[in-house]
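Okay, handing you the structure first.
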Amino acid sequence: MFLRIDKLGVELPPSKFDPTAAAAVQELMGGRFGEMSTLNNYLHQSASMRAKRQLGPFYELVASITAEEVGHVELVAAGINALLDKAPDDEDPEAAPFEDNETPRINQHFIMGGPGHLVANSQGAPWSGDYVFNSGNLVMDLLHNFFLETGARSHKARVYEMTSNETARTLIGYLLVRGGVHQAAYGLALEKLTGVKMTKMLPVPNIDNARFPHTQPWEKKGEHTRLYTFSPSDYQHLGGIWSGKADWADGKPLQVVKGHPEGFDAPEGTPHHAGFAPDHEPGEIFEIAKRLMKNM
Amino acid sequence: MFLRIDKLGVELPPSKFDPTAAAAVQELMGGRFGEMSTLNNYLHQSASMRAKRQLGPFYELVASITAEEVGHVELVAAGINALLDKAPDDEDPEAAPFEDNETPRINQHFIMGGPGHLVANSQGAPWSGDYVFNSGNLVMDLLHNFFLETGARSHKARVYEMTSNETARTLIGYLLVRGGVHQAAYGLALEKLTGVKMTKMLPVPNIDNARFPHTQPWEKKGEHTRLYTFSPSDYQHLGGIWSGKADWADGKPLQVVKGHPEGFDAPEGTPHHAGFAPDHEPGEIFEIAKRLMKNM
Amino acid sequence: MFLRIDKLGVELPPSKFDPTAAAAVQELMGGRFGEMSTLNNYLHQSASMRAKRQLGPFYELVASITAEEVGHVELVAAGINALLDKAPDDEDPEAAPFEDNETPRINQHFIMGGPGHLVANSQGAPWSGDYVFNSGNLVMDLLHNFFLETGARSHKARVYEMTSNETARTLIGYLLVRGGVHQAAYGLALEKLTGVKMTKMLPVPNIDNARFPHTQPWEKKGEHTRLYTFSPSDYQHLGGIWSGKADWADGKPLQVVKGHPEGFDAPEGTPHHAGFAPDHEPGEIFEIAKRLMKNM
Amino acid sequence: MFLRIDKLGVELPPSKFDPTAAAAVQELMGGRFGEMSTLNNYLHQSASMRAKRQLGPFYELVASITAEEVGHVELVAAGINALLDKAPDDEDPEAAPFEDNETPRINQHFIMGGPGHLVANSQGAPWSGDYVFNSGNLVMDLLHNFFLETGARSHKARVYEMTSNETARTLIGYLLVRGGVHQAAYGLALEKLTGVKMTKMLPVPNIDNARFPHTQPWEKKGEHTRLYTFSPSDYQHLGGIWSGKADWADGKPLQVVKGHPEGFDAPEGTPHHAGFAPDHEPGEIFEIAKRLMKNM
Amino acid sequence: MFLRIDKLGVELPPSKFDPTAAAAVQELMGGRFGEMSTLNNYLHQSASMRAKRQLGPFYELVASITAEEVGHVELVAAGINALLDKAPDDEDPEAAPFEDNETPRINQHFIMGGPGHLVANSQGAPWSGDYVFNSGNLVMDLLHNFFLETGARSHKARVYEMTSNETARTLIGYLLVRGGVHQAAYGLALEKLTGVKMTKMLPVPNIDNARFPHTQPWEKKGEHTRLYTFSPSDYQHLGGIWSGKADWADGKPLQVVKGHPEGFDAPEGTPHHAGFAPDHEPGEIFEIAKRLMKNM
Amino acid sequence: MFLRIDKLGVELPPSKFDPTAAAAVQELMGGRFGEMSTLNNYLHQSASMRAKRQLGPFYELVASITAEEVGHVELVAAGINALLDKAPDDEDPEAAPFEDNETPRINQHFIMGGPGHLVANSQGAPWSGDYVFNSGNLVMDLLHNFFLETGARSHKARVYEMTSNETARTLIGYLLVRGGVHQAAYGLALEKLTGVKMTKMLPVPNIDNARFPHTQPWEKKGEHTRLYTFSPSDYQHLGGIWSGKADWADGKPLQVVKGHPEGFDAPEGTPHHAGFAPDHEPGEIFEIAKRLMKNM
């Protein structure tokens, strides 16, 4: 079972309207190496793993990271929506507020949403359940996960290079740090199982997080060394895997933290007439909501 | 952000090997109206909704049901895996333990997993991000969700009719009750917004839950009247929508419950030689895991 | 614009429940060479053709065959549904009327419909708009259409060989004859344009319709020599292409017929409790419909 | 069976070359809520409905709207092609007439067609048979259709806002009115069956057609109150559902019209050298067509 | 550039008709880890690698294995076709030679081919270009390839367990050995680059080839230690990577062989009346072919 | 079996960075009529053809063209990569070297590769195994192949018209000539089998290669008249089909050439920091490669 807290992992600064950046960031949502993929790989692997208790920390690692990844999906969604939040608006459809003959963008951001994000990659192609690898074999699953996080890291880095938008980069900086923790954790798990020193391969691609300035606030806080249980009660054996030092980075000690990191309020989201979001004239809806809250 | 608790919403009885039932139940996982669809519709809608605070209980309804749906995905996964858990096994590949020329089944259950479930429908076709409707418009999203839960209810009912397997039916009975809560809740939300009495349409399809005996233990407990916040702290205004009586059912009073229902241990999962799950001879892996847990 | 007449091109005999045949016949619906493909290729080609009037009979040929093909889609649908019409039924879901561990069938026939057909091929994979070839170039479009009808003919023949079901074969016999007319017509059009004697290649594959007994009632009526305008008013120049003799068959004279062939009532369709089709207990619905018809 | 009349529902004004608008309008062709979806949902539902005669006007409603929708598909095709009709041309390929490094457009409009439309959405992704919902259950099918037309209405409105192109808006204005009739008709059908006042929800999204000026010529003619049988002979009981007043609009009386509305000639389409459409030098083809028409 | 030799890598024994085995083996053709995937990953990686000459043996390794993989695709095709070669046949379509209501099989084997294989997986779903990972980054590509061969090995092993068919197992035994060479080679390449001892992880899954008897004839010949250049002239630096001993197996010395292994004649393929393959009555075709060969 | 030679069929001139041309050329890689389609159609047809020896030159034609097509796939890949080779670069990710808000391009060229090509069409949609037609029937396969090469010729011509980039046009000029040979060869094969003079239809579309200047160097060399065996030893009966004169072109005598044409070195490919291709700082990798080559 899962619980939800109405917070995001990172505070997203407001952004100017930036549909080109929004298109690029979609890859981190619904691409083969996006957050929908990390979430669903770990969710489905943890649900189907055999001999769960006997696998102890190996099961718990995959199970607990799953919870963090649901939050990453909502975070990337919030990021894309922040880039689309201030789309040109007009109460009058005849003004063609969504018209644009110049900027590369994803048409469906404007037709499907208000405007809003898609469960799709940077081409607008939908995420597919085919991206889930769930072999039942522990070594293969961990090797896959290490590879998945490696591909994910490179895509985050390249999308960073596709936009100078501060909101997008704030999002990506955080994901680079947290994804890096997962990459290393799967590497360590493989080391425990096979003796092969996977973390010696890090960083892959061979460029330090330090080269991406938006990772630095998080590394300074030590977020690259912390693995959270993301549970009020369970997954108590993660320290069997996540312990020792971050040899692949600054060598600081690795720590398991019970529970979850402090969160931040999600961007409110600006009502949009042209997108009918939440309605063309949402005043009445807001009234109803207010009344319902009072009458409780 | 999301937290995870190492429990399932229902206690799944062990099953004989039943690959035909497993194939049918896949529709409830990765079909257009399966749990992957309910989860992702609500997750992405809640992440992109504009004017979240002003929408109050409307936002909170979608946001909090999301958390329950992540748990439903893992639950359906557990159900399918229970049906595949006791697949024929043999340490010797030459014995062709997976050979079967008679039973309708999904080949990839045996090739992809150990054996295990897919993120796919009853034809083995992967779930697609295209199944998410996220319009930004509150009335349309609620209308969609009411329709989605209606389609989902009919598919649960028909899959129930496709198998007499007790494990599958236990799973489906629970989902019928909890999905019915969501269907009614979206109907009530539409009523508050538009004045249209959607819940008068229930049940759709027009057959009572009582006709599906495996729903009865849950209805007796009152689970058809309870909406959980699935949060340790948030979504406190659900009562603005979920209140009054269950007119579409037995007329009992509707109640919002803070937090989550009690859960049950997930099936452990039996190691499988032929599936190399978690390995062909997993003994050493279990040893390592044990040692890691001791050394913490 | 299109008009509809509440008739089918062929009288479909009732069938025993035959889900295996239904699965095979799906290829003629939603396969790359099924009726969805012939319909949509001609519909979209005729809509986008440039210099329509100057192309005269070439435009009209594609445009008028389109109308026949919409009817073929509904006909194949009717055929598949006839094969599923008498699916096991029970008012009590607990009886598991849809359970079957032996027969190869398409699961979604029972989950999606009541039971009913899909817009998919014999694997249950959905038809795709990618199957439409619409090049704008007249010779290429005609060459494509000749090839499409050739592939379609072979698939009809092979599906015929996959089932001895009388209903399925009645359907296929008719489609073989009418598809043969279209194949020859596109061949003749190419001959007029390029001088290449395409019809000399017929029959492809090299087996006479006479070997499929269910084609014979239609050939005896001369249906293999008739091209209908399928219009109350238009497409008057088809004779520019469809004239002379059926050299590829029995040498009978080709004739253009204004309007459409006589049709037959579609199968009524049996209400199905387990499928909730049109409802679990449809009596009330029938009452309402009756009253509405009276009150007009 | 279907008949075809060589007319379109609306007179499309010629357009300057507008590939960006063409890309946006594709959503109304092959998107999940485009005309391919409305057509195919109603075509396949009407073909598979059980107890057709007993369902009377409910069956006839779906069956007759199908015929109008085939015409909408060809109409949207004509619209997109009008936007592409005057694409830059040159007899000499070396002049690179299709080159453009600035304008957002769909590459395949130029590679697949001459140039011409696709059976795809605004991202160029093909329409899929997976978009058809055909449950066999009458209430669910009608609820789906009401939702489908609701989604379709919002997409038409948003595409209207994406372009100030007069041809595109003329097309969309007409579709908004006719789609609105279908949305209301399915709402009324649901009301008759369930007593739930669905039309009270209209308009969804909550913005009047009057805000889209290109709907007004059609509303003035009363096209928002007319339901055509689109048949020379059948579907005589539509008045059982479509009667009373248009409460959701201007309150005018609803009328069923036997047959079809007057139509307009489709745009001829300009030959295009660079697209080889209908050929690089089509003169000879036109000669052949002329001769064939004379020789009849 | 590529050259072809009219031989297969293995001699395939004839098989009884075995459509269930044919369906399973399709996964090794068109599944995410099938031979279409290994071929296309290496083909496209080698074509897009930057600084080819400077990468020397790393480039050459990927480039030369590509050539072997084209041969593996044709080999798996030959294998599936051998399993379908003796499908029931009859000159008379009315005999319904393809009818079968019992055996799990892929319908399209009979409708698409004569009968014959598909470019699809064990569900009949087509192979997709999305399965190609081509990052431009050498370490990531090699890590991917090691993982791909690992997944491929497990799928070969599990398909082996799904069939006792001798032809299928002969095919799989060979592929296990040759795929094992590629898995180890990519592991060694990673070791040279990063110092991480990937081959220490082998075998993954943790079961020896010796447990699959059909690998043994090839291991006895030493085929698990040989890397061929598959070129008459190029890829001379493979020894930079493939040298030393097969520590992960029997410790025998690794050798690079210039050129290609001796091959075997492909199965001829039996003409099939019902499949029209190569025609319903192919006699005339054979005559023409004979005459053409004489007249040269 | 296949062998590889480290050469390309054409010498590709270096190009300025041209992502718009790269996007268009993708259609010739992974579109329905791209080189992935020609390669895989012939590869899979030749592998599954029944009565191979008795079909003599018909089998050999398809089998030997396959080998040339593998080379065309790598050639188109090389072409697209040449257009992306000089993408803006910077060692510092913060400089956002991949940012571009103006140029139409495929986002995934920058996220997936370094930058690099995709196995996809001009919309970025992946190539699908569904594009393979492999009927088992010789006449149908040849008719398909003639049609496929016809569609391919038109797409090459239109992509030529979409770019004035010299590198792209050099590539396309060559493909037009070689594809034209395959189109004519399949036409001739059909003529031998059926007596229908397919080559009389050429050129389709009706515009001479001479209008595309980049074809002329190859036609002057006579490459439009040569069919290579692309084999060191086999396919000796091609002259049974490929003989006589090129009536559809300049009437020069057709010749079969044993072996393959002379080739050219592939572009080296420039290392790219921002793409981490082959690494962010590849110096160390080059050192390792150098040492490995020395130590052999």
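General remarks:
Chains here go by letter, A, B, C, D, E and F, matching the order in which they are written, and residues are numbered from 1 within each.
Keep in mind that, in the parts below, contacts are C-beta pairs under 8 Å (C-beta built on N, C-alpha and C of every residue); 3 or more make two chains touch, one makes a residue touch a chain.
This structure is a prediction, so every number in the text was calculated from the model and none was measured.
Chains that count as touching both subunit A and subunit D, per the definition above, are B, F.
At the interface between subunit B and subunit D, two copies of one sequence, more than half of the residue numbers in use are shared by both copies.
Among the other chains, C has the CA centre that is most remote from the centre of subunit A. The pair with more inter-chain C-beta contacts, choosing from C-D and B-E, is C-D.
The greatest centre-to-centre distance from subunit B, using averaged C-alpha positions, is reached by F.
Averaged Cα coordinates give subunit C a centre that lies 37 Å from the centre of subunit F. Note on chain placement: the centre of subunit D and the centre of subunit E lie 48 Å apart, centres being C-alpha means. Subunit E and subunit F have Cα centroids separated by 23 Å.
Spacing of subunit B relative to subunit C, judged by their CA centroids, is 39 angstrom. The multi-chain contact residues of subunit D, meaning those touching 2 or more other chains, are 102-104, 123, 125, 128, 130, 135, 137, 139-140, 154, 205-206, 275-276, 279. In terms of inter-chain touching, the protein chains here follow a pattern that is not a line, ring, star or complete graph. By the definition given earlier, chain contacts exist for A-B, A-D, A-E, A-F, B-C, B-D, B-E, C-D, C-E, C-F, D-F, E-F. Those residues of subunit D whose C-beta lies close enough to touch subunit F in the complex are 92-108, 110-111, 123-125, 274-276, 279-281. For subunit D in complex with subunit A, the residues that touch the partner chain are 20, 23-24, 27, 31, 102-104, 121-123, 125, 154-155, 157-164, 205-207, 211-213. The part of subunit B that touches subunit A in the complex is made up of residues 1-9, 30, 36, 40, 43-44, 46-58, 63-64, 66-68, 70-71, 73-74, 77-78, 81, 85, 112-120, 126-130, 132, 134-140, 192-193, 230-235, 237, 239-241, 243, 259-260, 263, 266, 268-272, 275-279, 282, 285-286, 288-290, 292-293, 295-296. Residue ranges on subunit D touching subunit B, taken from their complex, read 32, 128, 130, 133, 135, 137, 139-140, 143-144, 147, 150-151, 154, 190, 194-198, 200-201, 204-206.
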